[in-house]
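Given below, in the form of C-alpha cells, are the structures.
Each of the two complexes below includes chain A, the first together with chain B, the second together with chain C.
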Partner chain A sequence: MKSQPMDNLVYLEYAVAGIIRYWLINSDYKQTIGDRVEISTSLNSWRKVTEGAYLYSEGINPYVGDNFHETPLGLIVFNKLISHIPQWIGIIFIVCDLVTAHVLYRTAQTFMSELFSRQMRKKEKYAKGTETLLLKQSDLVLPPVYVASAYLFNPYIIFSCVGQTTTVFANLCLAFTFLLMIKGQRIACCSVLALATLQSLYPATLLVPASIYLARAESSSSLEDKQSLRASSCILTVVTFISALLLLLYISSELTGGWEFLHATYGFILNVPDLRPNVGLFWYFFTEMFENFRLLFICVFQINATLLYLVPLTFRLHDEPMLLAASLTALMAVFKSYPSLGDVGFYLALLPMWKHLFNFMQQGFVVGCSFLITSAMGPIVWHLWIYSRSANANFYFGVTLAFATAQIFLVTDILLAYINREFSLYHGLHHKGSGKTTKLVLE
Partner chain B sequence: MTSDRGMILKEETSDGSTKGEDAEDNDAYRIFAAIAYAVVLIVIGLPLWWKTTDVYRVSLPYSRIAALDSLDVTLGMNISISTIDPARGGRLVADLKDIFKTSKLFQLTFLALPLEKKDLASVHSPEDLENASLQPRKPGELLLLEVPGLSRFTANHVLAGLKRTVYFSSETSESESAVKLSEVLESWLLQEKSLRQTVAAMTAPTETDQDRSGRRRMPTAAEYDIMITVVNPEPEKLHLNWDLPQAVQDYLEPLLQELSLLAAYAVKSQWLYFVTLNVQPKLVTETSGSGYQHYALAEDILPQIITPLEKKLASHVSRNPCLNFIVYIPPCEAAPLHIYRRQGMRVKGGVDAFLSPRWGGIVIHNPSSLICHNTSVPEPKEYSPDTAAIMGIFLAQLRLLMGIPELKEISRVGQLPLSTVSLRQWEFDALLRVRTLEQLTSAKLTLQSLSQLLGEISNIVINDAVGSSIYRAVNCVEHAADLLKTGQLDQAFNESKEAFLSAEAAFTDPSLLALLYFPDDQKYAVYIPLFLPVMIPVILSLKSIHAWLFGRMNFKTKLKED
Partner chain C sequence: MMVVLHTIFSGLLCLQCISSVICTPQKDYFDEELLLKPLPSGHVYAYFQFTTLWDVDFEATSFQHCHLFPRALGEIVGRYNVQELHISLTEGLWRHETWGYPVHDAAPGAELWAWFKESTKNIDKTWKELAGALSGLLCVSFNFVDASNSLNPEFTFRPAGIVSSGAVNSSYLRYSTLPREIVCTENLTPWKKLLPCDAKKGLSTLLNAGHIHNTNYHSLGLHLRPVCRDTTCSQMSVELRQTVSLVYDMVILGTGNQDWSIKKLFGIGLSGACPLATMSNIYIDIALNETGAHFQLTPTPPAVITSTRGGHKSKFAVYDIKALDIDGMFNIAAVYSSSRVYGVNIPPVLFANRYIIGYGQERGGIVTKLHNGHWQALDVVYLENIPWFIPLYLHTLKIVANGKEIKPLLKRFIPGKARARPYYLEVALRLPARSITEISLEFDYVFLKWQEYPPDANHGFYIGAAVITSLLPVGRNYTGLPQDGSTITSSFNASRDGYLVQLRTETLIITMPTPDFSMPYNVICLTCTVIALAFGPLHNITTKRLRLKNKEQNYVIRWFKSKLTRSSEMKEKQS
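Let's turn to the complex of A and B:
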C-alpha cells in the first residue's frame, strides 16, 4: 500500500522474469539445462516423473523399480498434468516460480515491518552512539524488492525452472511455509510444512523456527504466563505438524495402495543408494566407502544434515527465528543427500532481508568470487571428466567441495555479522574494554 | 574468543540488572549450544560408531570348545566269549579282563555266553562256521568262539574269521589260549597302540610321529577319487586290448561297496600315451641258469619315477584326495622290466609293483615274451594284460592306502583267506575306529584353533552359517564321544564324520576373512581426519562448559547462603 511504486516495479520484474523463462523453455537450451547434474538430480528430475507417470497410467506400480522417487500425491498430480495438458506444463512451472517470488516478496515485507517494530521496542536497551546501525523507515522498502529480484533473476533459479525440476514446487511450499510462519497461521503453516517434508525429508527441521514464531505470536497477544503459554503453543504446533504429515502419508498410501512408496522416497533419501554426481557431498564419499563403514557414515552424514546444527543454532538464534529458518534452509541445501542448484538459489534469495547486516560481513568478496568461479568451473570440469576423459571424479568433487565451502562461509559470515551487530548495538560501536578498540573476528 | 566475550559481558553487568539478566541468559544459551554439540557428538555419536562398526560375530560356545580337551574318549566294546565249558569261559573272561584292565583307550566288557555243542555239530569247514547264526551283527562287537576240533581245519590254535569272530581251539590249555587270544586282540583286532599313536601324532605333531600304517593311510575325507591310469609309451608298436571299466567293475567295486560306509568313491580311468618312465634301467643278464636277459630298476630310483609321471596325471581336478593307480606297460624293447630290492634281489613272487604312501601305487606289467618276440605280426602288436594279476595288486594297494593294516605274524595264529569278500569285518571295524578317532581329534583341534584365533584376531567375522557349523561340530563331537563309550561304532563314526566336516567347513569358510585386511590402524586412519577436526572445538569447549556450570552452582549456593 505504501510502496505502490515498489509494487509496480515488482510486477514489472515478474513480467521480465516470466519472459526470460518462457523464452528459455521454448528454446533449444531447455534439454541441455534440464539434463545437467547440477540442476536435476534423481529426486527432482522431470524425466523420472514422466517415466513414473507413464508406468502409473499403464497400471504398473512405479515404486516397485528403482527409478521413481516422487511422492504419490505428486505422482497423481503430475500424471493428470501430463495426460491432459502437456502443452501447458512449461507455463505451470513459470507460474509457480513467479508465485514463489511473490510469496517471498510478501514474506520479506512482513519481516521488515516486524524487524522495525521489534527494534522500536528494544531501543532503550541499546548503547549510545549506535543510531547509525538502526533501521530507518526508508530502509524497509527496498529489501523486499531485492528479495523478489534475487529470486527471479538468480541464474540457479532460472535454470531450475527451465529444466522443469520439481524443486520449483518444493520451493513454492517452502516459501509458503515462511510466509505463513511469519503471519502466525498455525494450521496452514503446519500443513504446508508437512507437504514440503513429504516431498523431501529435510524441511522437517523448519518446525523449530515455525514453532518459535507461532509461540511468539500467541504469547505476545496475551498477558498470561509466557513460559507455559509458549510451551503449550510449541507442543500444539508439533502435534499439528505430525498429524498433518501422518494424514498426508495415509492419503499417499491410499493412492498407491500400499507403503512401498516410503522405501522409494524416504528410504531413498536416507540410504543414498544412487551415487550419481551432483553438487552435494554424499556421492563422492560413498563411492569410496567400504561396505563395513557404510551404515556408520550414512548415520553421520544424515545427523550432520539434520540434527547437529539444529539445536545449537536454536539456542543462539532463539530471538531471530527467521534468521534461524534461513540458516537451516541454507545448511539443508549444502548437506542434504541430493541437493540441486534450485535449493541453493532459494536461500540466496532470502539473504537481502538482512541487508542491514551486509556491512558487518567480512568475507563477502571471497564468498562471491568462490561462487562465481565454482559455478563456472563446475561444468568445465564435468566436461573434462565425462567427455574428454582427461580429468576424473576428484576434479569435479573438488569444485563441488569449494562450492559447498563457499556456502558455509556465507552462512557463518551472515551469522557472525548478526552477532557482531547485536554486540555493537548493546555495547556501542567502539568498545573500550581493556583500553583499546575491540572488534569480534571469527577465528 | 568465547571466554573473552564472557568476561567482557560480565563487566557490563554493572550497567543495569536487566542487562545482567540478558547477559546471563545469553551466556546460558551459549553454553547450552556448546553442550548440545557435545551431546550429539559424544552421547549419540560414540555409541553409534561402536554399534555400526562392530565386527559381526555370532556367540560361540567357547567354554564347551575348551572343555573338549578334557573330553573322555574311550571306546567301549562288548566281547563275548562262548565256550562249551562255562567254567572255562568264566576263567577266560577273568584272565582277559585282567590283561586288558590297563587299557587306556578301550573299555572292554567281557561276557561269557553259553554254547551248545549242537550249534557246531554241522560244521565241516571254516566256511560253515562263518555262516552260523551266532555271528555278531553289530559293528564293534566281537565273539571269541571255542571250536572243538579246530585242528581239523588248520594247524593254528587261533583262527580269525571273515566276520566278527575269532575261533580258538579247545585243545590248547587255558593260559595259552588266554595269551594267544590277548595277543590277537591287541595287535590284530583292537590295534590300541596304533590308535593312541594316531591321536598323539595329531595332537602333538612335533613330539610323536605317525606309525607306519598311519603314514601310509590316506587322510580323512568324505570322498575319495580313485584314478586308474594305463601308461603305454609306444602305442604304435604295442596295442593294449583291455576293458578297464569291466575290470574295475569286477575287482574293485566289491571292495569299494564294502567300504562305502567310510566314504564315497569316484573311480576314474585314463590312458596315457607317449609317456615314459624317464629313468634308465640297467640291462642285466642272469648269470645263473637261463641267461635270462632283462632290465632292472633299482629300488632307489623308484621315487624318481613318480614326480614326472604325476605331472601328466591330472589328478588334481577335484578337491578330494586322489589315489592314483598306474599300470606301466614297458615297450617290447625295454621289456621285461623288473624291480630289484636294495639287497640286490628281485621282489619275491614276481610282482613288480610299489606303493607310495598317501598317493597311490604303480604296477609294472611286462608284455609277454611270446607277443614281443613274434616278428611275423605287423605292428602294432596286440596284447591283453592279465587283468586278475594287475587288479589283485591294485586291491592290495588299495587296502593299504585306505588304512586296513598289515597284520603282524603271530605264531600259531592264522586268518581265513579272503574269497567271497574283499574285506574282513573286524578289519573294517578297526578301520572305523581309527577313522572315528582321527575325525574326532581333527574336529577338536580345528575347533580349538579357531577359538584361539578368534580370541587373538578381532577382525574375523563369524556369520550365522559358520556359527551354526561350529555348534553342529561341537554337538557332534560330544555326541560321538558318548556313542563311542556305549560301543555304537557306526553311529559314532557318522557323528564324528559330521563333526569333522562341519569343523572344516567352518574353519575354511571364506567369509571369515571378509574384514581381515582392516587392521585397526587403517580404521583409525579413516576416522581421524574426518572426526578429529570436529571433535577438537567440542573437547576444548568442555572446559568452559565445566567452568560455567560450576560457576553457576557456586553463584546459586551463594545466593542461598545470603
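Let's turn to the complex of A and C:
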C-alpha cells in the first residue's frame, strides 16, 4: 500500500531514463560512446557483433577469425535482428536496460522484506542499545527505489546501453539470476545463470550463492532433517545448472556446426589474446609480460578472478548470500579479463540494498573521488596517448590501476562494514563513545 | 675389408652414373636480352632478361645433373616438389600512371609465390621449408615466411606454365610478401651467381651494384615454370627467367641533358656476349623518338623491328651482340636533339593507388582507388593481403564507382587470426567504363605484446601491396611477355585476345600504439600490488574475527597527548 507512490515514482524514472537513452542513441554521441575502450571491449562491442553477423550471413564461419567472440546463440539472434529489424535494435537495447532496472527493483524489494523478517526473527539476540542500527519499516521502501535509480541514471550503465554493448544482455541475465535466486525458483534461476555463464563465463561463481539461497528456501519450508536436505538441494542445483549449461553448449555447437566457438569465446576470455586497453588489470600486465611466464600469470589472474575469494567469502557470508553474490559480482567486474563500465555499473546499482551499512563505511569519500577522477582522466589520457601522441601507455595504465583500486576499496569497505554492523548488533555499540580507549580490530 | 670393398664398389657405381650422364647430351639454351625503353616522363627503363630453357622432365631427379641451369636452385626446386616458382625482390615503387606497365610487375619488398605439385603432402610445411631454403640461396628474409603471412588466393594467381591436370586447385599455391624487406647487393650477388656466365661475361657484366641501387626502382626477379617443348606440347621443358628491372631518373644521373648511354647507365661498356648464350640482344624502344623527344642512337642500329600488338604500334632498334664484332668496349648512346623535352604521358588503361585514412591510433581505413581509363567496362580481381595485426571488418567493405556503390561479382574472405593467419580478401569487380572505383575497408589498431614490436617500434608496420589482376583488351603501354613465349623477342607482334596485367599497389605503413618498453618490471609489480590490495583485506575479513581491544598507544604518542591536553587545560583555566 505504502509502495504505491514509490511504484509511480519508479515508473516515472523508467520513462525519464528511457527518454535519455533514446535521445542519446539517436544522437551523434552514440558512435563516440560506442567507440570508447572503457565501454566497448573486444568481448561486448557492437561493431564486432555486426561483423560476426555479417560474416555469418555471408556464409563464413565467424569463429575461425579473430573478430567475433559472442556465443552462437547470440550470433543467431543478433543476425536475425540486424537483417530483419535493424531500426528496432536501439529500442531493444533500451527496453532490455529498463527491464534489468525493474528486475533489480523487484529483487531489492524482496531482499529488503527478507532482511526485515530476519531482523524480526533475530531481534531478541541483539545487544541492548542497538536499536539505532535496526531497519525500520520506512527503510524498506527507499532502497529498492535507490537500486532502480542507481541502475537507470548511472552514466556507466547509460553509456553502456547507448554504445549498444552486449553487456546490456549480460546484465539482464545477471539481474534475473538475482531475482530468481531470491525467489527460490531453481530451474529458472539455473537456466538464466547458465545463459549468463554461456555469455561471459565468470558468472558461474554465482552458482554458490544461488545454491545457498535455494537450499535455504527449501529447508525453511519443510521440517525434515535440515542438514541432509540442504546438501541434496545444493547438489540438485549444481546438477540443474550443469545440465542447463551443457544443453546450451550443445545447442550452440549444433547451431554453428562445430565446437570452434568454444575457442573463440571461452578461449578468448581465458587466454586473453587481445591486449586492447580496457578498465581492467589484464591488458598492460600481459602486454609487458615475459613470454615464458605468461601461462603462469594467466592462471594466477584467472584464479584470482574466479575461485580465490569464492570459498573464504562463502564461509564468511553464508548467512547473507545476497551480499556474497553482490561481492562476487563486484570482484568479477574488477578482476575479469575484459571488464567494461557496464559491469561496474551493475554491481554499483546493487549497493543501495545495503544502505544500512553505509554508516559503517569509512572510505566512501576516497572511493567516490577516485571514481570521479578516474572517469574524467581516462578519456583525457587516452586522447593524449592515442591521438595527440604526447603521452604514453603508462598514463592510461595508471588511471585503470587507480580505478581498480577504488573498486577494491569499495568492496572491502562494504564487507568490513557488514562485519562491523553484525558485531555491533550482538555486542552493542559500547565501543563507540565509551570512556575507555578501546577499538575494534580484526585478529 | 668388407667396408673397403663396399666403398670401392659404390665409387665405381658412381663413376658409371657420371659417365652415363656425360654421354646423354644436355639440351638446354641460354638467352640474354636487354630492353631499354625511354619513358615519357624522362626516365629510362632497363629490363634484363636471362632465360634458360632446358628440355628435361620436371622431376626431382632431373635437377641432379645440371648444365646451364643453376644447380643450387634446381636442388631446392626438386626437393620441395615445386611446380612453379616466382620470386621478386624490389626496392621502390613502379608508377604505372607515368611509366606504363613493366614486363614483370613486382610488389615493393620481397614477394614469393609457388605452386606445388599435386603429390605434395604437407604443403604448409613444405612451403616453410622452401622459403627457408630460398632465404639461404638469395640472402632474403624468406625465413620469416610461414602460415601467418601466407595466402592461397583463389583467382588472382594462375599457373604461368603448363599444368598436368585440367582444373587448377589453388590449395597447391602459396603466396607471401615481405613488404619491409630491403633489397641490396647481398641479394644481387647470389642472384648473379645463378647465371651461367655469372657476372663475368655478357650482359650480366652491366649489373654493377653501385649503378643498380642508384635507381628510382629496381627489381630482381626469378621465375621458374614448366613450358611446352614444342607446339604439340607432348613434352615438357623447364624455363627459368631471371630478370632485372631498373628505372633510371636521368635528371638525377644526367649532366643537364637527357642523353643516356649504356656506359652512363651501368657505369661500364659491354665487352661481348656470354659465350654460352644462344642469343644475346639489346632492344631499344624508339617509339618515343617519333612522338616525344627526338634522339639519335649511336652506333646506328643494325636492324629495326616494327611490332604491332593489340592495336598498338611500337618500334625497336635491335643490336645483336653476338653478330657484332666487338673490340674492347661496346657502347650505345642516345643523343637528344633538344636538352629536355618530355613526351605527353598517356596513362595506361588501368592503374591503382592506395592509402590509409583516419587519424589517431584507434581506428583506420584502407582505401584503394582503381582507375579505369578504357571506354569499356573492365573485369578485375582485387586481392588484399592484410597481416594479422590489422583486423579488418568485412562489413565495412564499400565499393564505390563514380559515386555509385557497386556489388562485387565475387567475394572471398577468410578472417585472419592473431599470430596464425593473415586476412585474405579477394574481390572480383566489373569496373564501369571511364571510372574511378574506390574500395574501402575499416580496421582497428591492435595492441601487441611488447616483445612483438620490431626494434624500431615507432617506424611502423608494413602492409603488403594489393594485387589487381585484369585481362586488358588493348595493348597500349603493355610490355609483358605472352604466356607462350619465353624471350623478349616473343613479345614482338604478339597480338592476343587479352593482355594479362597484375598491378601491385603501394605498400602501406602504419604506426601502431606502443607500450612503454622500459617498464615490464614496474607494470608487473604495480598490478600485483593492486591485486594484493584486494587479497590482504579480503583475507583478513574472511579469516579473522572482530575483537574489542584496549588501545595500547605508543608511549611517545601518549606522552605528547597528555602534554597537549594538559596545556589546553591550563589555557582554559587561564581564560
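The criterion applied here is as follows: the second predicted complex is superposed on the first by the 430 of 443 C-alpha atoms of A that agree within 3 Å, B and C clash if a C-alpha of one lies under 4 Å from a C-alpha of the other, contacts with A are read in each partner's own complex, and residues count from 1 in each chain.
By definition in this document, a residue touches a chain if its C-beta (ideal position, glycine included) is under 8 Å from a C-beta of that chain, and two chains touch if they have at least 3 such contacts.
Given the structure is predicted, the values throughout are model-derived calculations rather than measurements.
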{"item": "Which of chain B and chain C A:404 touches, first, second, both or neither", "value": "second"}
{"item": "Superposed model, chain A: greater residue contact from chain B or chain C", "value": "C"}
{"item": "Contacts of A:307 with chain B and chain C, given as first, second, both or neither", "value": "first"}
{"item": "Partner chain(s) touched by A:427 [first = chain B, second = chain C, both, neither]", "value": "both"}
{"item": "Partner chain(s) touched by A:299 [first = chain B, second = chain C, both, neither]", "value": "first"}
{"item": "Partner chain in contact with A:290 - chain B first, chain C second, else both or neither", "value": "both"}
{"item": "First, second, both or neither for A:125, with chain B first and chain C second", "value": "first"}
{"item": "Which of chain B and chain C A:318 touches, first, second, both or neither", "value": "first"}
{"item": "Set intersection of chain A contacts, chain C complex versus chain B complex", "value": "290, 308, 312-313, 315-316, 423, 427, 431, 438, 440-441, 443"}
{"item": "Of all residues in chain A, those that touch chain C in their complex", "value": "35, 37, 47, 50-51, 54-55, 58, 60, 62, 64-67, 273-277, 281, 283-291, 301, 304, 308-309, 312-313, 315-316, 331, 334-335, 385-387, 389, 392-394, 397, 401, 404-405, 408-409, 411-412, 415-416, 419-420, 423, 427, 431, 436-443"}
{"item": "Interface residues, chain C side, partner chain A - complex", "value": "359-363, 388, 391-395, 411, 413-418, 444, 446-451, 513-516, 519-520, 523-524, 526-527, 530-531, 533-535, 537-551, 553"}
{"item": "Interfacial residue positions of chain B with respect to chain A in the complex", "value": "1, 5, 8, 11-12, 18-19, 22, 29-30, 32-34, 36-37, 40-41, 44-45, 48-49, 52-53, 515, 518, 526"}
{"item": "Residues of chain A defined as touching chain B within the complex", "value": "125, 290, 292-293, 295-296, 299-300, 303, 307-308, 311-313, 315-316, 318, 423, 426-427, 431, 433, 438, 440-441, 443"}
